[in-house]
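In this document, chain identifiers A, B, C, D, E and F correspond to the written order of the chains, with residue numbering beginning at 1 in each.
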Amino acid sequence: MIYVTRKAHFNAAHRLHNSNKSDKWNRETFGKCNNPNWHGHNYTIEVTVAGTVNPETGYVIDLGDLKGIIQKRILDKCDHKNLNLEVPFLEGIIPSTENLVKAFFQELEDDIYEASYGDSKLYSVKLFETERNLAEYRPNPSI
Amino acid sequence: MIYVTRKAHFNAAHRLHNSNKSDKWNRETFGKCNNPNWHGHNYTIEVTVAGTVNPETGYVIDLGDLKGIIQKRILDKCDHKNLNLEVPFLEGIIPSTENLVKAFFQELEDDIYEASYGDSKLYSVKLFETERNLAEYRPNPSI
Amino acid sequence: MIYVTRKAHFNAAHRLHNSNKSDKWNRETFGKCNNPNWHGHNYTIEVTVAGTVNPETGYVIDLGDLKGIIQKRILDKCDHKNLNLEVPFLEGIIPSTENLVKAFFQELEDDIYEASYGDSKLYSVKLFETERNLAEYRPNPSI
Amino acid sequence: MIYVTRKAHFNAAHRLHNSNKSDKWNRETFGKCNNPNWHGHNYTIEVTVAGTVNPETGYVIDLGDLKGIIQKRILDKCDHKNLNLEVPFLEGIIPSTENLVKAFFQELEDDIYEASYGDSKLYSVKLFETERNLAEYRPNPSI
Amino acid sequence: MIYVTRKAHFNAAHRLHNSNKSDKWNRETFGKCNNPNWHGHNYTIEVTVAGTVNPETGYVIDLGDLKGIIQKRILDKCDHKNLNLEVPFLEGIIPSTENLVKAFFQELEDDIYEASYGDSKLYSVKLFETERNLAEYRPNPSI
Amino acid sequence: MIYVTRKAHFNAAHRLHNSNKSDKWNRETFGKCNNPNWHGHNYTIEVTVAGTVNPETGYVIDLGDLKGIIQKRILDKCDHKNLNLEVPFLEGIIPSTENLVKAFFQELEDDIYEASYGDSKLYSVKLFETERNLAEYRPNPSI
């Protein structure tokens, strides 16, 4: 099994807020991450495809294609945006790193399957919120 | 001449907008950085003090003191904040990296002069908006 | 399965030495890492929790809580310390990166289980001794 | 299970080219990576050994030994070389990151098995072609 | 004085070779960097503009404009190229980091002067050949 | 003026202690950095030579020579050592980053002058004690 990874960067504003709860609950639960005037991050996303190598090209997936899919599916929709207000596929989601990374996986999955060789497929999405905090979604850890 | 540097990190939301100009001018000039719903960054600040070494301590400035000054003067006021709306010493300033770094220098200057040895003083403030974009304010480049 | 990671840093002195063996054996086995006058490192620790997301918060574990646990269990005991002489939970252990990372896992495990959502739990501890050398303890690799 | 990793760096020239295909196919498939005048990279290799810890040393493998094996098997053969023309164990292979990482794994496997403690063995080889592109070969992901 | 920096990356092949000297001299002087089959690097370029801030925009230079100039003047000509054979403005130059950085400065200077505010101008070009080796050209160090 | 920089790494133990002062003064002044059982760091040193380029080689200084000088003058004496006890050229010096960087400059100066082209000479030595703390010695800032 070969794993191929591509990294990309984007900047966005967000806040952590559960609209089903009171303002008091939100302030106590999320602290400064609940600031109603927003804060933001330079996010780094790492997308890993697992599979077999096309003997004609030496590629599991053409990294130019993978770069294009990340650009179209994630960066065009999220870069310099407000993740709570402006990203349709994040509607109704508290934009914690955990929730973002799962939503990004689902947004990327189909395009990557079509662009990869053979039965290769999306294996993992990692998202760094800061250099010290990150989440990874890897639904099939045993492969 | 010895130069001592301390780095720190904070996250914030901002937008580039000149309120003396039309919305059209702002959109054309600042592009996606003008997004009215904000975007944000993980900022890295590097503060450099230039001077002479206290022979009793081997310090130009105690880096614990410098860390404390950066915390009090910059991080407590800017971290997880909206730089356009919530930072008194940035009022009326377009929060470009160039303008931020000059404002941060002025905010830090006096406290650092008092905490440093002899005639040591603040030499430079660098601010990374992203890993690829940064500005530095260094008013006396010949020292 | 979602994996959430928090990084932290500390500095410490150590030496590699097996007190059941002769000085000659230690010098030949550990080379300059056996220096009786000690040497030291800037260690980076990465702690990963695996589990499910609390739908009310979007968190597997509050990263502020995780930061606090790492501070209390690892940094308060190891930072600016001598790992051979001053850390009770490392007594009798040769402080190789391999042994440290397993001891850190055991030190962190219970507090993280209590602070995480549902049946989420500590999945992996990585320790960088230098930028080029690291060890990871991951007792249940199949999850 | 403990995982120990050592990183190393080398520089090399290469091009992506399938000699069983036409020049036109190669240009269309590989784009600028097919440049007949070559291009090159600073490669970073990360070699991970999985196993158990020798209680006498605290080592899964002596990282000095691992450094030496990487030097002899990979760096001495690839550093400042042309990967298409000058590396015997890469003959006939399109030097994509995917193909390189598998060939490096096979080149390293036996020496590492002999140098490791007990039944410890090579677990993974990662290769960064750039900071943003990497491949990993990990034939037994469930350990 | 404000200094604004933009970083960019490119990959290229090169060799160090003085065609006015014998092959023996070249091998002895440049060692493995003289390999006739080429080697290559991931180069990182850092371009710094020094000047004053346009009060209407908060910019010394629009970093989008600076990114475009670096793309057109350096990356379009050097990325995935052979620096000895394929870059017109490097003809006749031994492509050491020192010589490259001076040639890049001269290639960038005029476009940057035109795009900057007031009398702002190119101050420094840095080029990293590897993470450990770099050269900087800064013709007017006293500003 | 061209500036050429080489980076290197070493690990060492140290403590901050002024033997002319009481233990109480040392504890209050240096805090945990005064720990009598030592602590340590992964130090990164950056050595910059300023000068003119040899037209026959394209070098200000052969970086292989510079690497060798740093190895002989700094790494062989400091790596895996105790900076308070085992380094003759640091005797009597409180090993703060400020004092180390000045001592390293003086230790390197002559060898670099001899190995450089024309009147090129050592310009700056930077020392990172951690990723966030560093000192630079640059005695002639106007060149």
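Some notes on this structure:
Criterion: contacts are C-beta pairs under 8 Å (C-beta built on N, C-alpha and C of every residue); 3 or more make two chains touch, one makes a residue touch a chain.
This one's a predicted model, so the numbers in the text were calculated from it and none came from an experiment.
Sharing over half of its contact pairs with C-D by residue number, the repeated interface among D-E, A-B or A-C is A-C. Centroids of chain B and chain C (each the mean of its C-alpha atoms) stand 34 Å apart. Centroids built from CA atoms put chain D at 28 Å from chain A. Each chain gets a centre from the mean of its Cα atoms; for chain A and chain F, those two points are 42 Å apart. Multi-chain contact residues of chain C (touching two or more other chains): 131, 142. Contact between chains, per the stated criterion, is found for A-B, A-C, A-D, B-E, B-F, C-D, C-F, D-E, E-F.
On chain E, the positions that touch chain D within their shared complex are 9, 11-14, 32-33, 35, 37-42, 79-82, 85-86, 130-131. Of all the residues in chain F, the ones that touch chain E in their complex are 1-8, 53, 56-60, 63-64, 142-143. Touching chain A in their complex are the following residues of chain D: 16, 18, 21, 29-31, 93-99, 101-102, 131-139, 141-142.
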